[in-house]
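In what comes next, chain A is part of two complexes: it sits with chain B in the first one and with chain C in the second one.
Here is the complex of A and B:
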């Protein structure tokens, strides 16, 4: 873990230490042209499960097409406007590591540091990146904070970290905002839904692109410098460009991708949560709708107050909605196909309000 | 990707993978890095206080899980050393009751300081109870790792005796921490 407080980017901290503390291990660096987030995340999982890092550390450098990547124990509906993202074909992915939600596009660089458990050291990895930035742009004011974020000019986050730990293998991956679409960062990570849950929350940060501080910085420059410093930390090194979906090289990686891109993983793994919505009905006054969702499926529907008119609708909806996926597509299909033998106007206003949970 | 990176063919990469893909997993490699300021009192470092139950009933894995046997049910948790290493636990993902596990399977995942850590079951068996309190208050694991912070209870199988004999006693577990 990093030392408490900010570690300033003095030469003694960052320039010297990566080179000085040379590992006796070799390192292998992988780069890829693949930009499918599920495929790249599947490669990470494959490496974590199949590879023995006792004699070599690995660094994987990758980029994704526009996606929101949430942490292992997060609620996608709380972190991002799910329906809107699906409509705009922005991927929603759940990674296996902890932490909060991030936005990726080709202007963001990802670094994954694989190591065995005894060499796991997030701060040392981040120092490689900070040293690379410092060498490329000596006036850049970058530092690592106690959350293992890299921050620019004391307050803007340019890199966030998270990790996955097993008894033998670990990986630490981090983002690096070089020239990402900042409007999208803000838009894709703001949800307006009132959710009660125990899921891991994201910590909001003000973000900045590296090019805003130094417009000479490019993807190639940063990657080469990071690889260079990382190599110098190790006894020997090899660099490969690979296809992260290469079944011959990575037997079974397709299965990992399939699981990571499934509804059951992305949405079904969401920790239990409840949502509520209050609206005004002309005849009946305030109406409160509450849904409880478990493993991505609706487990309970409550409509308050329990007036006579309401009881019938509640029972009608409960028997049909319980067990339905909490997804815009499934709920819209279900609610629009129902023909309730009840007050149509009241039913529509309730079902419209249920659907608006997913807008 | 940049021109200056040395790119090798996929065949070379296959060769490297075949070299590093693990065939056997040496258990001695599983140690966590030592805590810089490990308490001098060895008992405390494993989460046992003076009022703790009979230590001899606890067995350990080198990946820092403990199991306590009571009849044909084993209660499982993580050690004090493990919770100290992990830091504040903010989420605990537990299995469903009735899930069957084989020894060494990942049975739970805990999240702390933005890291998701897999936990490995010390013995084969079917989950008969999970500690539901951890869903709302995962920090109980930090506060009381070997008592209130237990994770699951499993019903032992017929191979339990053999599996238990492979686990570490408290003395042997403490040796792995040094």
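Here is the complex of A and C:
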């Protein structure tokens, strides 16, 4: 356990401190050239499920092509403009660890620290990274805050952490903004939809790239330094470059990838939520539509006020929409194929408003 | 610290090798079995509980199931509380040791909690979204007969630390004694026996060299558990007992919100102004409209929508009562967002009806109904609560005449409505008539509101409510 909040300049203390303990364990470092987020996350899963970390710790260093990675218990609709991202072919992934949503691209480095339950220590992992940065760039003002974020110049977040703890194995992974597209960070992590749900909310932070503070820093420099310091913490070490989809080396990893990239995982695992939208109808005045979505499927549709004209259309929509996936494709297809035996104009305005939930 | 020391002492006592007293040695073993492979230091506040329960079992002449509270153990890293995010089990499910029970989250860590028992889930103590503290009971698990009584000790035998009595079938089988050097829980021992493997042949990966269920499964090359289901026994009937002793409950959730905002209101110099309104005409009006509204919209029309609308009309002429204090400034709010104090099963909430100035009485009725439903189902959203500019408390719904409402900061005024009473009053001609009297109690923030303002506002509202037809002139 570490004394949180007292970690300013912790990296330098870490090296001066005589109490610094070297682990008796071996460490294995994996790097990869793969940039498919699902594949890299599948590798994490595979390691967590299959590997025994009682005698060795592992570090995995990876980067992803543009993607938004949300926490295990988050709502993608609340965190990012889903339809927009899908259109622009930015991946949306749900990871297995907790915490909030992050944007990844090749300008962002990810570190995953695997260990067994007894050696799980996020602070110690982050100190490795902070130490590496300070050795590379002594004037850099980096510190670990109490949220286990690494912050630059006292306020800008450059790294966020989250972790997954099982009975035996754990991993802690963190991001590091080196030279990521900051416009995309902001754009991909802002949704305009009004959602009521119990899902984990992301904590918004002002972010900065490391290159903004020191433009000499590069991916290779940082990785080498982090690996170097990590190795020095352990009794012995091995470094490998692997491909994270190697079925021979990692039997079953393809299945993990398949699950992580499935709709059932990314959207189906969303904690239940409701959406509402109010609009004005010339004839009937203010109309409120409420959708309740459970496990990614529409569970209920409500249209208020329950006037006579509305009761019929509500029942019509309820019988057809309940059980439909809450996805742009499925809903658009469903609503445009329905032929309501009712006021067409009213039906159109209601269905258009339902579809606009997905924008 | 103190607790840690006490537990350590108990622990130390258990570690003593001199088990001449049979009951004591028996207790030691039971601690193992109940707490599973995990250290019992974090399991129960006092291991004595578990000791007592097994003792009871030991003395009972017939075998029955025992419900064991499964508590949230210390996760480490100074985590004191977690949010329950997903249940992998439901009441009635049978679980085996190491089966996933639930997923919790704290401090951005997703933690999978696995069972330490074989048994049947009897009760989930938390709902998804609840916060659980370390040490709180997560689930009650009913432990099957043979597991609870595995430690049954033959009267004649002295138990050494590494000897475990394993009773397979208490009702008919003779006691089988397994002498084994390895440490394992009774459930694991049973599994080993079912598969005819010796624990000493298996590589132990558990804490302190304990053999885990997984080790056995790995040894016999089996990936999934194939345990025969424990016999199902009807659950013991639950009895509701009155509170026997003081109960300590942390102030949290909605009550915590009330705690904070009401403490803040202490800095407001409140003044009161009370009056009585004769709502005779409104009573008639509502009676006439009630059926109509029910027929067309299915909604129940109460007095509140009229009062809320009239309040908004009166606020239009006294905008200072719809203002908020922001530092040194007074912000006159454009929208009449009128909060309605709502008594929900989860506590007092103040959801507000937004932009009442633009709503019809029917709109307000619909919105009130929605908020009422939402309150009952704990579905009032933060958006419903945010942005209030004026408050009304319909305490008369429950009872009472005059009240002393407390201002909800940063608002500057609040009204409490008493119940409508049928009382004798004098009319214009001096005759005693039957009147429908509602008492109303206002509280104002005397830093910015004068008593006269409040009185004029109250009179205006009185005017609208005593002669509802007057409202017509102002409706758009």
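Just so it is clear, the second predicted complex is superposed on the first by the 345 of 359 C-alpha atoms of A that agree within 3 Å, B and C clash if a C-alpha of one lies under 4 Å from a C-alpha of the other, contacts with A are read in each partner's own complex, and residues count from 1 in each chain.
As a working rule, a residue touches a chain if its C-beta (ideal position, glycine included) is under 8 Å from a C-beta of that chain, and two chains touch if they have at least 3 such contacts.
Note that the coordinates shown come from a computational prediction; the quantities given were computed from them, not determined experimentally.
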Clash or fit, chain B versus chain C on superposed chain A: clash
Which of chain B and chain C A:56 touches, first, second, both or neither: first
Touched partner set for A:31, first chain B, second chain C, both or neither: first
Which superposed partner A:252 touches (first chain B, second chain C, both, neither): neither
Touching partner for A:304 - first (chain B), second (chain C), both, neither: second
Which of chain B and chain C A:72 touches, first, second, both or neither: both
Contacts of A:242 with chain B and chain C, given as first, second, both or neither: first
Contacts of A:227 with chain B and chain C, given as first, second, both or neither: first
Partner touching more residues of chain A, whether chain B or chain C: B
First (chain B), second (chain C), both or neither touched by A:138: neither
Touching both chain B and chain C, residues of chain A: 1, 52, 54, 71-73, 96-100, 120, 147-148, 161-167, 198, 200, 271
Chain A residues within the chain B interface of the complex: 1, 28-29, 31-33, 50-56, 61, 71-73, 96-100, 116-118, 120, 147-148, 161-168, 198-200, 220, 223-224, 227, 238-243, 246, 248-250, 271-272
Chain C partner contacts - residues on chain A that touch it in the complex: 1, 4, 52, 54, 71-73, 96-100, 120-122, 147-148, 160-167, 194, 196, 198, 200, 271, 274, 286, 304-308
Chain A-facing residues of chain C, complex: 75-78, 83, 85-86, 98, 103, 105-112, 114, 128-129, 205, 296-299, 362-363, 366, 370, 379, 381, 383
Complex contacts: residues of chain B adjacent to chain A: 1-2, 4-8, 10, 12-14, 16-17, 20-22, 25-26, 29-33, 62-63, 87, 90-91, 93, 106, 109, 111-118, 120, 135-136
